[in-house]
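The structures considered in this document are given below.
Two complexes are shown next, each including chain A; its partner changes from chain B in the first to chain C in the second.
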Partner chain A sequence: MADVDGAVREAVIEALALDDDEVTPDSTLMDDLGAESIDLLDILFRIEKSTGVKIEAADLGDYIQGGIPDEEFSDENEIITEKGAEQLHKVMPQTDPSQLAGTLAADEVIKLFTVQNLTEMVKLRADGVAA
Partner chain B sequence: MGGPVSKLTDRVALVTGASRGIGRAIAGALAAEGAAVAVNFRSGSEQAQEVVQAIAAQGGRAAAIQGDVADYEQAQAVVKRTVEELGGLHILVNNAGIAKDALIYNMQPDDWLDVMRINFGGVFNCTKAALSTFMPQRDGVIVNISSVMGERGWTGESNYAASKGAVNAFTRCCAVEFARFGIRVNAVLPGFAPTDLVAGLMDKDGGKGVRKQIPLKSFATVEEVARSAVFLTGPDASYITGALLTVDGGSAAQLGMGKSL
Partner chain C sequence: MASLPEPRLRVGVDLVGVERLERLLAEHADLHEELFTAAELEYCRGKRRCSEHLAARFAAKEAVLKAFGTGLSQRMRWTEVEVVAERSGRPRVRLSGSVAAFAERRRLSQLDVSLTHTEGMALAHAVSVWQRPAPGDPPASAPR
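After this line comes the complex of A and B, so read on.
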């Protein structure tokens, strides 16, 4: 598939009305770029239109969690476990599991998701890999 | 100079409650502008087929699609069938509605629940259903057929008025939420047009009492209402979204009859 990187980047820039130089592969969508839930919807629809790869907003959480049951992904206080942190490192290689296990709240996980992480997810989906 | 240019060529429209009244007029007017039209009906199958045949007789494309849009699943099915039968969806006209006039003193819970469920619920259900087509294609137009009663009081119409007030508020929020996805959402607020819906108001004196209170001293024709709705669906309204367009002969602008000078 031609230039998924460019398609994702373009989608983020257009959806968030940002300048070209404000978006880097390492930019986190929510914290760095200020994306909210409606922005994520917009980004995903733009990606679908330009690449044909359909990703529902709910798919992001499933992809990040990687099929690990909730009770193994986070503890009773909704804090990421070691197993959860290992999974996060798989889909978000920029993260350090030792820093996240036992400290990161489950509902904060999405804030670590970067433009590059999204690009990789789109590429996997495009290749027909479960993502 | 050439003839009039069709403004909705290659567009597909779904009109709910299109077997009669304003919905029927809108379906015909959309087809006259080149749109393929899904004529939704709940129970008026014969009338819906007449609408389809009238459109076909003028060289247009239409399909009668049964479904009660007050039911969430049926609304989803109506939209799905429209896309399947007519090849897509670009325009949604939420027209289906009922009235159950009563003084509040006499009104029962079902009297307002039913009206709200159909008049607002139908708008919600079909809007939701259309999003799965509109959002990915970043293109869609929704016109909600509301009523001037949603903005002004009229004795005996509180349930209907409340449902249309809900439609008006929903129209604004839809416009704001969907704008970035290339979807425009507006409402037409008709005043009095002699359709089955307002037959009760016309019963006593053929509507003379109501007509006297309208600045333009006449009822709207369904065609007049339809023209406004079709305008909002087309390219001439490309920068209009979140608008409530009254088509009421001046009714909502008037404080009272006043004394003739």
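After this line comes the complex of A and C, so read on.
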């Protein structure tokens, strides 16, 4: 297994045509680094190539939501619930549930996803594959 | 007579580089099925500028999910937003699976999409109209 931290970092840098010093573990893929969905596809393919871990872009949503039904994850105004915010904290430990619950729009969630969060997801999948 | 609440309008737009999508599709054979339905692939492969049509469809899926306010965060698959061509050539969106369920749950009443593409770029614009609950209606997000 290749070094996951290095593989994810390399994939992000190459897919987004960034300089090495522009990417830190705390960089959010979409807001800080400007990734669009097609960029995510490119990043995930590059990770698969270097680590053998296959993640579909749509899996990101599953991973972030953690199996919580849509109607429990966000309310009728598409705002993240307390339960949703607790789940977000599990996969994005840098987030504060008390700040997000009742304020964060569902379509803003992916914007909080960092390089480190993606790295942890890849490691988890890699462990799952190896198990 | 009590009037119904004003519906809510939401738009989404997406721009896709044709060459970039073409490269990703060429490098990853199974990406075709991850992104497009069989009918979409058949339609685009029948066109002279297939890559542009595929890029426009990918942009449309993204634009629709943006107009839904969900993006990738609600477990949706790209194939669940299908662009079909009417006889006139006008594109229409057909929803299925979790995207269709989301649309029903949140009371989507209208959805329209417009596509355009050149040799280099494809763009799609989606407009969605959502009905607000009338007084006495059950909550839109109530589990079924």
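Assume the second predicted complex is superposed on the first by the 126 of 131 C-alpha atoms of A that agree within 3 Å, B and C clash if a C-alpha of one lies under 4 Å from a C-alpha of the other, contacts with A are read in each partner's own complex, and residues count from 1 in each chain.
Basically, a residue touches a chain if its C-beta (ideal position, glycine included) is under 8 Å from a C-beta of that chain, and two chains touch if they have at least 3 such contacts.
Fair warning: this is a prediction, and the values are worked out from it, not measured in the lab.
In this overlay on chain A, chain B clashes with chain C.
Contacts of A:Lys90 after superposition: neither chain B nor chain C is touched.
Measured by the number of chain A residues touched, the leading partner among chain B and chain C is C. In the superposed model, A:Ala106 makes contact with chain C only, not with chain B.
Of the two partner chains, chain C is the only one that A:Ala57 touches; chain B does not reach it. Overlaid on A, the two complexes show chain B and chain C touching the same residues of chain A, namely 38, 41-42, 45. Interface residues of chain A, counted against chain C in their complex, comprise 36-38, 40-42, 45, 56-58, 60-62, 64-65, 69-76, 78, 105-107, 109-110. The part of chain B that touches chain A in the complex is made up of residues 135-138, 177, 180-181. Contacts from chain A toward chain B in the complex involve residues 15, 38, 41-42, 45-46, 48-49, 54. The touching residues of chain C, when paired with chain A in their complex, are 14, 16-17, 20-21, 24, 27-28, 31, 34, 58, 62, 66, 69-78, 98, 102, 105-106, 133, 139-143.
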